[in-house]
Amino acid sequence: MMIVMKSDATEEQVHSVVERIESVGARAHRSSGEEVTVIGAIGDREHIARLELEGSPGVDRVVPILKPYKLASTQIRHGERSVLEIGGRKIGGEHFALIAGPCTVESRDQLLTAAHAVNQGGATMLRGGAYKPRTSPYAFQGLGTEGLRLLAEAKEQTGLPVVTELMDARDLEPVLEVADVVQIGARNMQNYALLSEVGRSGVPALIKRGLSSTLEELLMAAEYVLKEGNESVMLCERGIRTFETAYRFTLDLTAVPVLKELSHLPVIVDPSHAPGRRDLVEPLSLAAAAAGADGIIVEVHPQPEDAICDGPQQLRTADFARYAQKVEAAAAVAGKASFIAAAA
Amino acid sequence: MMIVMKSDATEEQVHSVVERIESVGARAHRSSGEEVTVIGAIGDREHIARLELEGSPGVDRVVPILKPYKLASTQIRHGERSVLEIGGRKIGGEHFALIAGPCTVESRDQLLTAAHAVNQGGATMLRGGAYKPRTSPYAFQGLGTEGLRLLAEAKEQTGLPVVTELMDARDLEPVLEVADVVQIGARNMQNYALLSEVGRSGVPALIKRGLSSTLEELLMAAEYVLKEGNESVMLCERGIRTFETAYRFTLDLTAVPVLKELSHLPVIVDPSHAPGRRDLVEPLSLAAAAAGADGIIVEVHPQPEDAICDGPQQLRTADFARYAQKVEAAAAVAGKASFIAAAA
Amino acid sequence: MMIVMKSDATEEQVHSVVERIESVGARAHRSSGEEVTVIGAIGDREHIARLELEGSPGVDRVVPILKPYKLASTQIRHGERSVLEIGGRKIGGEHFALIAGPCTVESRDQLLTAAHAVNQGGATMLRGGAYKPRTSPYAFQGLGTEGLRLLAEAKEQTGLPVVTELMDARDLEPVLEVADVVQIGARNMQNYALLSEVGRSGVPALIKRGLSSTLEELLMAAEYVLKEGNESVMLCERGIRTFETAYRFTLDLTAVPVLKELSHLPVIVDPSHAPGRRDLVEPLSLAAAAAGADGIIVEVHPQPEDAICDGPQQLRTADFARYAQKVEAAAAVAGKASFIAAAA
Amino acid sequence: MMIVMKSDATEEQVHSVVERIESVGARAHRSSGEEVTVIGAIGDREHIARLELEGSPGVDRVVPILKPYKLASTQIRHGERSVLEIGGRKIGGEHFALIAGPCTVESRDQLLTAAHAVNQGGATMLRGGAYKPRTSPYAFQGLGTEGLRLLAEAKEQTGLPVVTELMDARDLEPVLEVADVVQIGARNMQNYALLSEVGRSGVPALIKRGLSSTLEELLMAAEYVLKEGNESVMLCERGIRTFETAYRFTLDLTAVPVLKELSHLPVIVDPSHAPGRRDLVEPLSLAAAAAGADGIIVEVHPQPEDAICDGPQQLRTADFARYAQKVEAAAAVAGKASFIAAAA
């Protein structure tokens, strides 16, 4: 941590900062230029952070040098990338995963039709929501445990591992009975109680970036899970909030290469929720794959116009196989192995 | 709801939209200009919303006409403002509330010193966190139940109603034993399970706006509480995320008059977390009061340089009385009654 | 235009809005639901817009129905895409253009080396700045007319059409002597005097999206050029400002398919300025091409570590040919023809 | 400037950075912690900045220590605030200025009525646009020189100094004949040619913050004017672009105290353009004054419903005197002297 002093800081103020740094067992390293003095604090980063030197007399600002996350950082693996193995499917490194299925589990027929279609089209895993976070308390909130039961049936029939969202720690037990991957939604990315519970459970987690979360905060959310000893974490970019009103969210694909530089964890992209429109899902999927994403989680529905939730953004099952082939071609440009062959 | 058709929509596509609107028992009202056709859908708004006509063939976009919140809207009270009464203190209408206290409960001595100081300075309620949401899993997470016990003691000694944060629905019971107002933090604004539980409990709630939540989403979060029959809700602006890096968050004071126009609920401002710096707390507090806020929730600490958390932004207890007088003067410009006299 | 009245609007207020609409020769079309009245105004859009009915008594809000741009819209070409032909090179439709060269013209040697390298690597046009917009008045501002002279020489030697930035209408004449395409920078996107001058000159224009401009505003900037009878306009996405601090700007690739839906004009992406880092240029270029961009404008320098300006983000000339081949592969996924063959 | 090396940077890479720093005559100061090495570069800041060490092998990031602006910084005045004197009116320090008048000069009658009303109500200066930046090329672009002539007449009749916008350097001469203060609009904040011309002219300048400009960029824009020897510069906050759609722009009042900390220049707030609605102008004006602004620039019109431009946001002349008194009361809370008395 570097403490930049104000240009008019007194010698006494500099001295006081040095003393406080040394009081927690760290070393203070002073460097005075013509205009300002900078103090480097070397030692245990949590101890130094707790000093909260921002705003102390004479201090202009505090510049963190070390990243606040540890277990999520690339350094801990010495540059080697994590490859997760989930229900026999690999994700990370050269392995690309296409996770597909309906936004919400609506009925047995809807889910099984979608599951078989994405399985035949080359999907790696099946997604489907039993618990749905809805902005409005008057909107459909998901089928709950009945939805979980249907997901179990679809998994049995297709062999696809299941990804489903957990919103409330009190639902963890039933969700764990069917989920191969537990999804933490964007609105819950900083629900620390939930993250810790998922960490303790050991189940693979897919954490969506919050609507206005920085990459560092996303990695800190992952850190909450990793800290409990759970090493199976995927990061998911799903669009951030900006001033642009032509689409719901702005998909931030720069996050893909940057997250892969900062962290060893696989990076997934959700191309469905950001635009909220079916016709934009394919170009954004191809872009995500070409940018080097380790996977895509996409919404697919047998009859989107009848969907209870997010119909306008769901791909049609009839179009899925052709879509998967184009995604595979784009992923190949970024150096990924064929995933359709792997699924077959 | 208005459905704007594309300029090249066919007669058949227009007809199909009309039919779908009528299929849920609503009326469709067609209006064709030279360039485009617009279809008004009149009837039950949830039924129409579930059609999700966005993205249907020929549809350019769907424009909602009615607000999605009902119980939070000004119309439900015919323009009359809600005045909450909490532990004998009023907030809303002409009643301004100054809620003050330390960020985190750290020790008996720290809390009681702060509580007595803000009480003597004219505060309306006492704030203090027992459970702290922290970006880092390695940071101090609050004293928990011990913190709640100390808050109960401070309340008994000063008579000040207590505002404290709830992060996990599983902690609701112990929190309710001491809290006069339960705070929902910005990161939990869309934790729907938590909102519903607080709604069912009937305890007054102070809901902080999420870092990138629209006013409409904040009102929908309030709606989750109100829907359970709990009418005691306060809205709190605490800074939003923008591109500006000179401060942590950008306090959005336009939200104050606009929320008061859209909703009958009292509107509070937190001037401490947005800037993250003590010297900015006073100008922002005066601005918030002059903009017409119904109250301020501010952090005050006996020795901010020793604070475990957010020290740099906490006011000193020694400065509190003078600060409260300036806030009162600014609130008076906006037509509020004296609150220091009311507290005394 | 739809005028949504407040739920408590009086009959008189509704009547007054209707009268004002009719006063400009437009028709008013009234539609009353149970809760609100909506008035459709049908007629000349500029006349109606000038009424500025927002904020009139009883008016809740005004919803524009028609797009404010005309010449830039897809409708004017009945869905056919513009293909520009510049110095014998095509851009738009199936034609992908790779525009490459140094950020700034620094010296004869630097420019000619770069120009030959990108020409041999398959570039479609040469870029290079003679006038540089710099945040600091103390920074290098470009070689000016000497830079233009060098660009002319590079064009003569390689045959590549030249793209260069114009910042001041008073420099138009010398710039036109060498430029095949005039670039309007992001900071000048709403410099209307400049846009109109470029429109009148008839030179092809490449307009960069402002750091916080909406797509609609970008299209309105294009409209300023098109309105003067200049039909050769390219739109360029170059990153927008968001809260994320891990990179300079956030490249908004959703803009690519959406601009292509709204407008017939070719859409280019600048993958260099947004990340500001060389290692991110390739993944973002591949993503842009896969998303369907009609071209890329990228910075290439013989020795980036010696560059006067933006060195850290410029590709090395030595890496350019391999980079161009990967971009071509990604563009092929989106259906574009080979551009390297076309260049040869 | 501090150069933070990557944790796996080699000794050779560290050495190379040190050498490059020394190559421009600066000193390199090396500080190695357990995890990373940080190199401080001490010397001429422009020389060091031109090295552009970001992205060099082994470099993680570069942290600027010194502010990039000099003449605009508080240090250059040793903490003393600039007080400008314009046509006998002071602004800055304890002097608050209320600048009022119509958005656009529309007619002799409209302008003179507004000018007399704001003069009698206590305004310090008169505002009015002769050249208007409009998003649409089809919208009214201002009366031009005829508008300037009318402003001259209003100035003669009332004695109020005139503030008017300059959009094109080629209009500088006629504008200087009437303007006491030249306004640089938000869209032109980074039009460097325009800023330099205004700097050279010596006329007092009011620079509006760009829609997504940081405070540092606003200060750099001021630096372009100051560098030419023109010391009369005012900074103006007018709302930034955020995700919130309930209002046009989000007024950033934290900018007021922060700009006053960073710079000696007076800080003005425009409460009209951000909300775009008349009923929000007063609460935002009171908030701005209470936050410590040195002045307000507000739109006032005799009959806003007939205004050619921005009618919905203009105050009525009939309401101005009462409004000015409330603003004065709010400014007094922040320690400002009476300005209405000064105007009389």
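Per-chain numbering from 1; labels A, B, C and D assigned in written order.
Going forward, a contact is a pair of C-beta atoms (placed from the backbone, for glycine too) under 8 Å apart; a residue touches a chain by one contact, two chains touch by 3 or more.
Here the structure is a predicted model, which is why all the values come from computation and not from measurement.
Novice: Quick check: more C-beta contact pairs in C-D or A-D?
Specialist: Most contacts of the two pairs: C-D.
Novice: Average the CA atoms of each chain to get its centre, and name the chain whose centre is farthest from that of chain D.
Specialist: The chain farthest from chain D, judged by C-alpha centres, is A.
Novice: How big is the gap, in whole Å, between where the Cα atoms of chain B centre and where those of chain D centre?
Specialist: 31
Novice: Quick one: chain C and chain D, Cα centre-to-centre, how many Å?
Specialist: From the centre of chain C to the centre of chain D is 27 Å.
Novice: Indicate the whole-number Å distance between the mean C-alpha point of chain A and the mean C-alpha point of chain D.
Specialist: Averaging C-alpha atoms per chain gives centres 39 Å apart.
Novice: List, in ascending order, every residue of chain B touching at least 2 other chains.
Specialist: Answer for chain B, listing residues that touch two or more other chains: 212, 241-243, 245, 279.
Novice: Within the complex, which stretch of chain C touches chain D?
Specialist: Within the complex, chain C contacts chain D at residues 46, 49-50, 52, 54-56, 68, 133-140, 167-170, 187-188, 190-193, 196, 210-212, 217, 220, 223-224, 227, 241, 276-279, 305, 307-313.
Novice: Applying the document's contact rule, which stretches of chain C touch chain A when the two form their complex?
Specialist: For this pair, the touching residues of chain C are 212, 214-216, 240, 242-247, 250-258, 261-262, 274-275, 279-280, 283-284, 286-292, 326, 329-330, 333-334.
Novice: Spell out the residues on chain A that touch chain D in their complex, using ranges where they run on.
Specialist: 2, 4, 7-8, 29, 31, 33-36, 38, 40, 42, 63, 65-66, 75, 79, 212, 241-243, 245
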